[in-house]
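Input: a single structure, listed below in structure tokens.
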Amino acid sequence: MFFHKQELQFKSVPDKPDAVYARKLQEVLGGQYGEITIAMQYGFQAWNTHIPGKWRDLLFGIASEEFGHVEMLAIMIAQLLEKDPNADMQATVDSDPVMAAVIGGTDVQHAIVAGAGARAVDSNGNPWQGSYITASGNLLADFTANANAEMQGRVQAARLYHMTDDKGVRDLLSFLIARDHMHQNQWIAAAQELREEGYEDLPVPSNFPLSDEVGDVAYTYMNFSDGKQAGEGRWAKGPTPDGKGEFTYHDGPTTTAPMPPPTHPDSRFYGTTDLPNMMEKVAGVAQDKLNKE
Amino acid sequence: MFFHKQELQFKSVPDKPDAVYARKLQEVLGGQYGEITIAMQYGFQAWNTHIPGKWRDLLFGIASEEFGHVEMLAIMIAQLLEKDPNADMQATVDSDPVMAAVIGGTDVQHAIVAGAGARAVDSNGNPWQGSYITASGNLLADFTANANAEMQGRVQAARLYHMTDDKGVRDLLSFLIARDHMHQNQWIAAAQELREEGYEDLPVPSNFPLSDEVGDVAYTYMNFSDGKQAGEGRWAKGPTPDGKGEFTYHDGPTTTAPMPPPTHPDSRFYGTTDLPNMMEKVAGVAQDKLNKE
Amino acid sequence: MFFHKQELQFKSVPDKPDAVYARKLQEVLGGQYGEITIAMQYGFQAWNTHIPGKWRDLLFGIASEEFGHVEMLAIMIAQLLEKDPNADMQATVDSDPVMAAVIGGTDVQHAIVAGAGARAVDSNGNPWQGSYITASGNLLADFTANANAEMQGRVQAARLYHMTDDKGVRDLLSFLIARDHMHQNQWIAAAQELREEGYEDLPVPSNFPLSDEVGDVAYTYMNFSDGKQAGEGRWAKGPTPDGKGEFTYHDGPTTTAPMPPPTHPDSRFYGTTDLPNMMEKVAGVAQDKLNKE
Amino acid sequence: MFFHKQELQFKSVPDKPDAVYARKLQEVLGGQYGEITIAMQYGFQAWNTHIPGKWRDLLFGIASEEFGHVEMLAIMIAQLLEKDPNADMQATVDSDPVMAAVIGGTDVQHAIVAGAGARAVDSNGNPWQGSYITASGNLLADFTANANAEMQGRVQAARLYHMTDDKGVRDLLSFLIARDHMHQNQWIAAAQELREEGYEDLPVPSNFPLSDEVGDVAYTYMNFSDGKQAGEGRWAKGPTPDGKGEFTYHDGPTTTAPMPPPTHPDSRFYGTTDLPNMMEKVAGVAQDKLNKE
Amino acid sequence: MFFHKQELQFKSVPDKPDAVYARKLQEVLGGQYGEITIAMQYGFQAWNTHIPGKWRDLLFGIASEEFGHVEMLAIMIAQLLEKDPNADMQATVDSDPVMAAVIGGTDVQHAIVAGAGARAVDSNGNPWQGSYITASGNLLADFTANANAEMQGRVQAARLYHMTDDKGVRDLLSFLIARDHMHQNQWIAAAQELREEGYEDLPVPSNFPLSDEVGDVAYTYMNFSDGKQAGEGRWAKGPTPDGKGEFTYHDGPTTTAPMPPPTHPDSRFYGTTDLPNMMEKVAGVAQDKLNKE
Amino acid sequence: MFFHKQELQFKSVPDKPDAVYARKLQEVLGGQYGEITIAMQYGFQAWNTHIPGKWRDLLFGIASEEFGHVEMLAIMIAQLLEKDPNADMQATVDSDPVMAAVIGGTDVQHAIVAGAGARAVDSNGNPWQGSYITASGNLLADFTANANAEMQGRVQAARLYHMTDDKGVRDLLSFLIARDHMHQNQWIAAAQELREEGYEDLPVPSNFPLSDEVGDVAYTYMNFSDGKQAGEGRWAKGPTPDGKGEFTYHDGPTTTAPMPPPTHPDSRFYGTTDLPNMMEKVAGVAQDKLNKE
């Protein structure tokens, strides 16, 4: 169960309205790596988890904080929109280039659809979607997904930090950037603890029998481009991070197979096939019809 | 530039057609973490990269291999569909429960739309979409995204391995699982090398000034759930993985702020507001009309 | 069957082209509550309806009018685009700020994709989609959906009315706003008639046996936030609109249940589970392989 | 801020796993009218609201309850999937028609992607999306949207009730159906209170000046179909629900206008136009090139 | 304007309900090449057209017929669903394999969402979307799009014809297949007439000056694969269909250029760059901060 | 298999950065008819083809070239973004109208999400999706789809040519326009060869028995609009392009059927039905419950 408290985790008040910036801020609310993604991702991981105790606690504890971040951003956006210039646009385009320019940078659905309110969309107005989240049930994979999400989110927030000089907005971003910093650390630590406690290991998933792999390609870099420099990286020589092998380097594939011949599905799919077969096909259809009558 | 060779990297021939399994295999072709995602993600990272040499080589080298994996899976799916039972469905539902059951498990668009061919969709028929990929320009974030993608992809391939006993399909999966194994190792190694060579560090992005964070919340676990066990994890005490702080634990938020009052946008957005304002609003519209006339 | 007449229901000619406004007008053509939604929604309700006579007549009669509104808006947008400034954009950005600003506010796909034509998208360029419509077969629910759609549509048209001073555009909007006014009234009246004639009643659906509800929570406001003022509304005390109960107010849930323990699916899904189980899992996989051989 | 408690509002434990039903239950979790929609819709309405006090309280109070319903359904689905038959599918299709049939009815992404976990999708696997929600800032419109959402949701839950005989699942649905019953009543009551307290009235929005409508069409039923029975409904005669007019009935449009001539955009959009113009166009392009040189 | 007549263009009554087939038939109603696509595509082409007279007539005349096909399919689907087995599913899965198999092949949203009604989706339940349609304003391109749409649609209908033996359904398909036959002919004829009357020619668009092309690559087949047989086709030798050149064949690209160096965007985008630059970047940010203070 | 070479097929270097134009160029990279569509479409047609030899060669040869076009456009866009003005936006809106106007025309996700990099989206930021491609297995239909795609793509590139005066960008477009010119010719030639060699013919699919069509409507223009001029086109009289009939013209439908009565699905779907039935329904539910107990 979730309970709501009519306070915010941190002050979220802009110095002044700024509808252009409101549009940009939508990215970290409703974008691929926005707070809705983060909150929902941790929520579904918690609901689907197969281990109780501190792991499920961790997921619930942070998921719930993130729903509060969704709220802080939505409220900030609504405040930034309090003077949406689209309200009296008709008077301005021809006479006031600055106003016209500002309007060009806004999300017009903020005005037309939401009446100067926040929306569950990204900075280009694409609706948030459930396919942004990851919850596979394998926690080493999922914690890596979480670390990535916090990194991408922090990169985006840092970029947004420089796109405004509004003190109130920057304060909120400073707070969110710090929390993303914390959460990066925490998911990396959680991934380490999973490995240390023996729940999972590299490669993920760790209990698929390695003997079922085509073993000789599991540690070989195969280069399908014409550059040679990639052979110099630590991904091409030395021990592998999973501690189970040594990287080798090979220019191009190590094995090839002939391309299978084209398929010949049932003639009633009306695909184009080679001629003799097509004749059979026509006959087959006729025969088929006869059979049915 | 890309050049194509009419061979495959590995044998991709099933023992027998299996339209139900063909549908399932679509997940690792056109799903969120399917091969189209992987190939496109590495491609866009390469095209957008800001560092040349071994890093761009690496991205090109693997992207190109992955386009070949797209091809292997598409060809395998076409072969699995060679006897799609939808071709003569009408005769079977009532009389043959096994056939009817099989048909229920197929992707009917394989038959109706593609005529027994592979499609750029996942195992539920959702079209692949560009929002599945990640290419932020920050390589430590992006290599983490890549590691996650290879983990999720290997988990899915491992699950699919158990959903068939077709030797040809299993051989292909054994190959792909081994390559995912390799690529997990390689992106983790690449992330380490980025840090060792000083390109990036934790937290990502590493050159956003930490002094611009709200510093006292960057290392604190704040618990918004009622469980207490999460306080026992290494994400709540001890040194942080970025080497820059010590985790602390706090039950609940460390700071709060009052919720801002509701916004009052322009009356011409026709939102519902408190009464005195609404009266002004009606008057304002009238005045506005007068002004325009 | 539908028949087309090459006239419009109302004059739809703008005073002058305005590509920026053309983009905004797309919202009421191809947005969530645009005319395509309205026309398709009433159409599908008509095709799916289970009662003939005046009810199906009503749905066909209005659906058909709304397809004409789709046409009026598409034609208006094409006219507004007749001087799309993107045609000679390259000369203007640096030298003419007003022109540059105007271009910033246009939908560039109007120019690049449609060659100055209307599109089946909203004001942010999101394609219209079938998931916008509602046709459940339960007419009291659906007429309520229709009333909502006409309200949202009229709010949006009213907002758009103030974003232009083009007399021709405003005339068209005045017409559409009046029709939305009519249709709000009419769906509300239709909902009332459904109840009066005994087809449906509140709660919807009205013939699900109330004895199959957990009865003691069907009339209780449960407050999951920390505000107390919601207890003062008529939604928290007095008779309920369905005429079947009395509202009561309760601060928080009236009942709770322990959270179920985590699930333990088959080990071949490679989820992360608690340790003893994982050991079994590894053994199980091995055993499973033996069994198959 | 949101706080989480590791209890559920109501017992959510099925008698036995049922992966086919788990797929169906996804509709009321992640569908157009599922609990994610409901929770997010009330959340965004609260964050965007322009009136404080009991109205905002109401939205927060119920939004928060609905996030708990998301959780209950996700956990129920995870439990229903605890024996997902896809785990050992390969052995069964040919030999066991019942098992094959069951598998045909499951969501295969439950198995392949989520490892027997719930997902943010509907019963056909379409991801939830932000465009399902409505938050216009006009509360009479939005409360009507909410009443509709609770009606559609209750209809779906009632249908699902009959698709299982699992006592645990039915108990949960009985609870959710009762809450939908409550919430239908409450949004209807809230809409009435908005009107009684003078915040909004019909038609929505109520303070758009009626004098700006094309007035003679605001109360006329125009029939664009060939049925005559719709003229008998209360939507075609008698006083209108907004109390401001009388319905009249008219067979067909009351006004028409000639269709505007085709547009002739700039020749550089390369549209097909009538011949003389095209000649000018070719010349124009040539001239344009000369001018630029 | 559109007017509706409560008759169908052709009989649309199935012999018996068939919920599995209803799902399949959704493809030609709401799929990529379904009737909604066709009707909307011709509608938007008509509304956007730049030439009046017979061309606009043609588009209106067929668009309007196609809206009637949408209706026929929707009504047929509703009839096929009249005995949707999901209504009493709970009794059947374990005891009746045939019934269970049937249910596995249905679209469960037909039952849960639409109450046994048609929906604006394809055979996998993906909502129809505006991005399926093409209306570029260039009629030679668009008529080619239309010819393709009628071909794909007829292929799909022909496939569906074999998936049922219901006489009523087959009759409807026989009618629709015949109309697709007609419309293929007609769009090909219309494309020819456009060329003969001088409106457009190959290559499309025909009045882009050929002198602005890189001319030496406009008639050369460049082979980027390792097969040699494509050099034997008429696309690699002889006169080109546009009557303006001769095909030539070249194995591989005719020209190459070095890959540009990586970009170095502003440091405030926090991308990963080569080391010296990164140092500047850090310094730059610091300087930037100083400048702002 | 695909192999990558770190060269481009043609020079792709702009004279100067231009973030506004970068957004527009996304259309031909990631739009409905962008290069990702083209490359993927030919790829899937190749993987699904049923005829080997020159046909499959052709598809592989061009698909592979098109992946190189994806790369050229992505790299061009990254270069155009090298001075994305969003990096220091906060200083400019109020003081510099030109800069503000420019920013209004950019894709802000280029800055926020990709850090000044290309993305897999169109010019309005809609993600590319798998439903853009066509690969039916019927090559006459598919080659027509390919011809259309090359036409639409060339129209868009020609429009874009006029929206910039950057010499480097125009050179690239001149190259791509020439290749689109080539590929239009080539798919038309391939379609002709398919017919000449007897693989397929009009109407597509050519081996569906014409005797299974409702024959008398296969050559009749039925006019559902009130214009008469369409009767003058060659699509309404004279021989049909398939060489199998003569066009005739008919004003309106040639046949009609009564609309079927409304359906009456199971009462447990809770649809609204006519009254007597509803009574039965309520009784039926009660009976049903009794039966189960």
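Things worth noting here:
First chain written, first letter: the chains are A, B, C, D, E and F, and each begins at residue 1.
Please note the rule applied: a residue touches a chain if its C-beta (ideal position, glycine included) is under 8 Å from a C-beta of that chain, and two chains touch if they have at least 3 such contacts.
Note that this is a predicted model, so its numbers are computed, not measured.
The set of chains in contact with chain B as well as chain D comprises A, C, E, F. Comparing the contact residues of chain E and chain F by number shows a mostly shared set, over half of all numbers used being common to the two copies. Rounded to a whole number, the gap between the C-alpha centres of chain A and chain E is 27 angstrom.
Spacing of chain C relative to chain D, judged by their CA centroids, is 5 angstrom.
Centre-to-centre, using mean CA coordinates, chain A is 26 Å away from chain F.
Multi-chain contact residues of chain C, defined as those touching 2 or more other chains: 1-9, 32, 48, 56-57, 60-61, 63-64, 68, 75, 78, 87-88, 97, 100-101, 103-105, 111, 113, 115-117, 121, 124-127, 129, 131, 136-138, 140, 155-156, 158-159, 162, 165, 205, 208, 224-225, 227, 253, 256, 263-265, 268-271.
Here chain D touches chain F in the complex through residues 155, 158-159, 162, 165, 268-270, 292, going by the rule given at the top.
Per the touch definition, chain B reaches chain A in the complex via residues 6-13, 32, 53-58, 60-65, 68, 75, 78-79, 81-84, 87-88, 111, 115-117, 126, 129, 131-132, 134, 136, 138, 140-141, 144-145, 147-148, 151-152, 154-156, 158, 161, 171, 174-175, 177-182, 184-190, 192-193, 202-205, 208, 210, 212-215, 217-225, 227-236, 240-242, 245, 247, 253, 255-260, 263-266, 268-271. Per the touch definition, chain B reaches chain D in the complex via residues 20, 23-24, 27, 31-32, 97-98, 100-105, 122-126, 155-156, 159-160, 162-166, 224-227, 252-253, 256, 261-265, 267, 269-275, 278, 281-282, 285-286, 289. Interface residues of chain C facing chain E in the complex, by the touch rule stated above, are 1-9, 30, 36, 40, 43-44, 47-48, 56-57, 60-61, 63-64, 67-68, 70-71, 74-75, 78, 113-121, 127-131, 133, 135-138.
Those residues of chain A that touch chain C in the complex are listed here as 1-6, 48-52, 56, 86-91, 93-94, 97, 100-101, 103-105, 107-109, 111-113, 115, 121, 124-127, 136-140, 194, 197-200, 205, 207-209.
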